[in-house]
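I am attaching a structure below and will ask some questions about it afterwards.
As written, the chains take the letters A, B, C and D, and residue 1 is the first residue of each chain.
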């Protein structure tokens, strides 16, 4: 019962890594938005396995089919159903883990919760589940571009293991990010990251990292206190992604060692509108966007699937070892960039529609 | 439209810092739970201003009245409404800020969102809003104690500005936390923290810090993938609290510099049940509790209200200065401990009821 | 967990007939709507016991207090909490029914559901619960008047027992309704209804009836297929009121004996806009308002509380008799008129805000 | 944004009559329920066009494919996605109505709401939309059978135009209903109904009718006052079905002409448990099931699509005539029986899971 996200722009995703496919239903998309399958495919291709040498070498096309809600390349206002078929993976490959709880995977917790699990692959806990999110995020971005002409949403890899990139979040653009396979706009750092990921793969191990995300051109006024604050919705969205362990908005944990007199963002009038001189707030105050860049960071753990032999137990509690082998992502970060963007877009699109609903004044005054 | 939290154990809070009062309606509380006003008052007193020398010296009794849903000290299954009256604060005190946007407060964003704001105090953005959460959290803890006899929930201050405490989260108990005014169970660190907060107040400044929270005795199986994962719900809950800037579950941001082979929590059989040898996961895998301690950390920024003069602008955009004066919390951490606990209890109680709803097997087999 | 209503204009009611009081929290009310306690009191007075000779003679003032969400007589966009205290009813009066299940009351079902009930009065099942609905409905009507300048909402008693009034729903106005105690705009029928209700009271019995409701001046486009259709939301709203047994939209059950060629509402252009020549649809087609009058009917059963002796059983299953005595409404219809209006207003206000959220075109083109 | 139904057993339907297909996602189905495509197909076949001589002669196979959520014929607890492809209908057939608003169809209201509509067939307003509901209802019935071993749900046609059947709702079974094409268990009445429908089709006209539904074997305690009362949820469910105009629970509109002393259902102890001697309440008191048969009635209007020429207007407001021709259902009732059952099952399944969530006692005591 946790497979829906959003109040007005509401998505419901479904699908396991093995079975008929994965997909999403988008309910509440405004009508008359231009939308084609190519708009969705573009984002899915950024998330796709096999896209570069540093991601898993599984090769799935992940072709999106729009089943409903679009007519003559325009949204109808009715639910948009999108389907991506699973390619016929070999279920035999998983037979050896039928009775094993893989360390730091969801095998045990799914068993504890449901008393049953699809042991062929990760089932619903597989990152394949995020296909529906990315597809829906592509639609959300089209709506946001319509609502906010200056809208810009860019996520990028800021850190892989101990390699930290130097990036000016105020200036980075999506084209900078797409320039290399690791999706880090600091070219020098990117090179080292790629080498490290390569090394880690050869070691049969994995690494994590940090993705940063900046959102520009959004009006002040988005976010619904006190529980659906903008940063609360973003935090939930990010922590719902596989492999995430932390979230920071604006100054984040670094705020802890600052004093109020340093951390407070002073207001000023700039270019005829209310601005702040600094942006430790990360574009949100009191849970509501203030018109500055929205900026947040997400921590990803090292991938749980590694090639090395590990100690664990069987489903009946006996000690055993496991050496999953097979193809895996030694570092999920490059493919997680479009996932972070998709979730951010879903949060903003939903909050933007919610704000429209109550803004009687704005409309009357236009 | 963001003032409700939870799906089954669902609370709706209301109230501004000035006006008739603040309160909460709890809908979905199971019937026949023992509950008195004293159970609620106990938690409110831990959140109350004026409780010690290091918090704001405003002196409000914050007396809770249960208006409905309880009969003969037992819950009825009907909505529980709880009211705390505002004491008559002097609205004159705020007249000087009617036309000023205070730095890093929500004055500007509320104005941008609603076109109107209650300028007497923080209005809905005041931390006074959390009274309803803490009252509801007290009820949630009673339900959880009923569901999980070993249930234990402890939050504490782990860092204030640059002072870090040394605490073994596996052993800390609430009585350790309540031993000093700063709610830090490391007595040596607590002393320095108290001195620092005192110094900061004399400087007319403020500091932030980190609160850690550990939850023990909860069954495996709580959390609703893929969007209402346990860590996602906790992250949203924490980031919805005033002054929070970051959230980490388990290893958090420190996972970034670990390798998968170090970070994976190996399964073993201990005391006849499935356990992990380490707990980098923080008690949750694939978004579902695994029976280990649930552990997370929350970053709080330094309080925005400081006594020093600051540059800012008026509501019509002219430069001005502000020196708020008056009483404030130089550090919100000690009073935020019961807020963190309340939000954590609300998340767990809701997820526990959701899990009961679908567990046909469990019941059949009992 | 069923005490909230609405998606965007969302109310949560609370309170039993005995205890601290009853009330409502309105979340999602647009900001800057003029609102005073008098606006709410006006509607509550129409619902109040003791207002005329044909309703229950209990005399409760039902004074509404706005606790939050309003500042300088304008809504803030934050939750509006409204409280009505219970007057100190004599709980002794109910002692004789502690162990009895009253026929066609909710005593048994509350016991079966919750394992506990507030036996002092009807508890949560008392019609006193509707105070929160009527208070919130008053606010919804103010919002609707702001959104639709021609908005008009009129409910009235169309039938009491076997007395049917003759009313032209297209022309009836609220002032016609308020002209007599039974709230029936057909004066001749009203007189007979009043006599009948009086007779029934003297007989220690009760009667039911039909309330009709017409809504004018609402734009085409409200209603959210396929589940939140306008008529579906209205049906749910009406059947959630105490003592209701049936609902009809437009032609209702009389559609059954018509042929399609008679029943279809032909489109025409009138006064420059799309109209229908007949309105068997009741103002809604495909679940969406079409700009014609929205018209529906609600059946109310005879009040369950009667003064006559009745056979029933005790809570331990033994046969007994009951003669409730005391004051009661021999016919709920007159006081149910503002309840029907309130629920209709809540449905429309919510759907109107939902429609605003997705109408990008409309706004762009204005 | 109205395409989801249910709180815990929550379905989201999607799809237009023309396009990729129609379907449903079921979120919140308990795990380990036996489920195959055949279970779903059985219900879809009862709803299918072309199944008998008195329904539309379109011939669509409506084959259901389960895409996710089921493994080894057992539910996983993850979302169950079900897809039914549209067969390639000839869009040319609809070209003549591109610019026409068909009387009592949703053409005009969809245009008014969304500013766009899929003019090929009924789009989302087509009864084809109910395929997702019927598929999900089949799953809900399996869950209910698991929860309540005596569970039985039977809907049947009680009236077509002026032909009323004589049926003892307490005894009717599904096998009685399936005995004839009109799904009326009174064989004599059924024959006349079939003749009438046949005649109406030859006249190029249509008729409506009444469906009754009885639900047996459900525990007392289902229903969530005050807004999600059992009858309120049923009313909403039924009025969300295409072509419905009225709903009655228990005595319904006939309660109006009864006195309280006649209408009250007296309690008695029968077979060791609390029962009522009469059932005017229709199995629900105070919004909660009381263990008696749940009984309700639904009014359906005559189908809007008729073969006769009708006056109407074009989308630009000019007068025109329309003679839709083609195949249509002269009476929707026979095919609506499984739709009514599906919606009733969805309501009950959801309320049953909601009741389980809060019933701590029950479980503890078992």
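Points worth noting:
Note that in this section a contact is a pair of C-beta atoms (placed from the backbone, for glycine too) under 8 Å apart; a residue touches a chain by one contact, two chains touch by 3 or more.
Since we're looking at a predicted model, the values are computed, not measured.
Contact with chain A and chain C alike is made by B, D. Between C-D and A-D, more C-beta contact pairs join the chains of C-D. Annotation: 38 Å between the Cα-based centres of chain A and chain D.
Computed from the mean C-alpha positions, the centre of chain C lies at a distance of 26 Å from the centre of chain D. Among all residues of chain A, those that touch two or more other chains are 1-4, 7-8, 13, 28, 31-32, 77-78, 113, 115, 124, 225, 354, 357-358, 361.
Interface residues of chain D, counted against chain B in their complex, comprise 7-8, 28-33, 77-78, 146-147, 225, 353-354, 356-361, 363, 366.
For chain A in complex with chain D, the residues that touch the partner chain are 1-4, 8, 10, 12-16, 19-23, 25, 27-28, 31-32, 65-71, 74, 76-81, 83, 113-118, 123-124.
Partner chain D is touched in their complex by these residues of chain C: 1-5, 7, 13, 101, 103-106, 108-110, 112-113, 115, 124-125, 129, 159, 161-162, 200, 205-210, 219-229, 231-240, 242, 244-253, 255-269, 274, 276, 280-282, 284-291, 299-306, 308, 310-313, 317-319, 354-355, 357-358, 361-362.
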